[in-house]
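The structures come next, written out as structure tokens.
In the two complexes below, chain A is the common chain; its partner is chain B in one and chain C in the other.
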Partner chain A sequence: MASPSPYPPGVTKEQAISMAQMEMEYRVELFNKLAQTCFHKCVDKKYKEAELNMGENSCIDRCVSKYWQVNGMVGQLLSAGKPPM
Partner chain B sequence: MDANMMAGFDGLPDEDRAIMSSMIEQLQLRDSLRMYNSLVERCFVDCVDSFTRKSLQKQEETCVMRCAEKFLKHTMRVGMRFAELNQNASTQD
Partner chain C sequence: MADSSAAEPTGPTPSTVGSDENATQIQPIRMPTIEEIRAQEVWNNCAVRAVTSGVMGGGLGLMMGLFLGALDNPITNDTMTARQQFVFTAKQMGQRSWNSCKTFAVMGLVFSAAECIVEKARAKHDTTNTAIAGCVTGGSMSARGGPKAACIGCAGFATFSVLIEKFFDRHT
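And now, the complex of A and B:
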């Protein structure tokens, strides 16, 4: 009667939607923390001008890259401690 | 940041995609409001330090304008890099 479920076996639609929502919220928070942290690390609070200068631009790019690496490392570390699903 | 959020939902029935899409919209709206508040707080904290008058002084106004503009430009740049990293990560599998 029903068409085959597009979700992995054992996962209901409600569960899939809830997981997707959590994933999206996680991603939004990751982005926000990343933006705040790199602003704090790279931008001079005296606000001498409205533009980002070259130094700040490079710092931002590198900061984002490093933050991403740390994110990956911590992710691996956390998942290594768990039993395989 | 949000360009590829719908990308993983291609194989789903329309109704489910509509649910996901509306969830994304909600998330984005909530995030915009949160960003508004945090930008105000940040620029106030960084730019306003004297309370001898009720109105902002000229230099405080200038500082706030620069702060806000700078932060928005910064956020856009971070968004670009974030999207690049996301894409590289998903094409590595």
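And now, the complex of A and C:
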């Protein structure tokens, strides 16, 4: 072959594209879920002002951090192939 | 409060072609720029908030001290000339307004710092933060009179700050 294939071995171009597409959809879903969850949890529905105040800011920081940790942990558990308890 | 999310029309305006007469102009979502985020982060800092509040409190104390000092009766002392009396009165007014300025500056600083720290720790925005901050301020300011005076100062200042907060909230 003149040039090395940029894809990992055993993966065709169509498969790589569909994998990238699935990954993109997964990321978009993650972002939407994260924003919706943390908004519902942290922001009071009585909108008294347009800016986020400090309590909401720190709540959102903590919410995003925890969500990300949970996401990583669940992903690891699932990918390790452990049988469900 | 400054309105940071000004709606400016970005992107080309869609022209209304024959069939889409009811098409509304949808503005694209404008994510905050990094400068806006940094500006918000500066204001979220407890130290910046406390110092700003202290400075504003100091200014207020200065104004109040000058105003109340001007309301005092001028002392009429026969042993001093008019100019000396004026200088003496001015010095006394300045001293009183400086004391008042210091008191109010400390009050503003402590209150703002306490409220900021409590709100960051609780991650909630309600009047409990104001009450706790008021208690801390009142207690620390009247701590010299003993524990009983500190308790009374705490309760009084907490009530006062909650009332003021409720008063200001009604008008938003």
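Miscellaneous remarks
We adopt the following convention: the second predicted complex is superposed on the first by the 79 of 85 C-alpha atoms of A that agree within 3 Å, B and C clash if a C-alpha of one lies under 4 Å from a C-alpha of the other, contacts with A are read in each partner's own complex, and residues count from 1 in each chain.
By definition in this document, a contact is a pair of C-beta atoms (placed from the backbone, for glycine too) under 8 Å apart; a residue touches a chain by one contact, two chains touch by 3 or more.
In this text, all values refer to a predicted model and were calculated from it rather than measured experimentally.
Looking at the shared chain after the overlay, A:Leu34 reaches chain B, while chain C stays out of its contact range.
Legend: residue contacts after superposition of the two complexes on their common chain; A:Ser79 is shown touching neither chain B nor chain C. Between chain B and chain C, more residues of chain A are touched by B. In the superposed model, A:Ala50 makes contact with both chain B and chain C.
Looking at the shared chain after the overlay, A:Ser58 reaches chain C, while chain B stays out of its contact range. Once the two complexes are overlaid on the shared chain, A:Thr12 sits clear of chain B and of chain C alike. Residues common to the contacts of chain A with chain B and with chain C across the two structures: 42, 48-52, 56-57. On the chain A side of its complex with chain B, the touching residues are 6, 13, 16-17, 20-21, 24-25, 27-28, 31-32, 34-36, 38-39, 42-43, 45, 47-52, 56-57, 60-61, 64-65, 68. Looking at the complex, you find that chain A touches chain C at residues 42, 44, 48-59, 62. The touching residues of chain C, counted against chain A in their complex, run 1, 3-5, 40, 44, 116, 119-120, 122-125, 129, 169, 172. Within the complex formed with chain A, the chain B residues making contact are 1, 5, 9, 11-13, 16, 19-20, 23-24, 27, 31, 34-35, 38, 46-47, 63, 65-67, 69-71, 73-75, 77-79, 81-82, 85.
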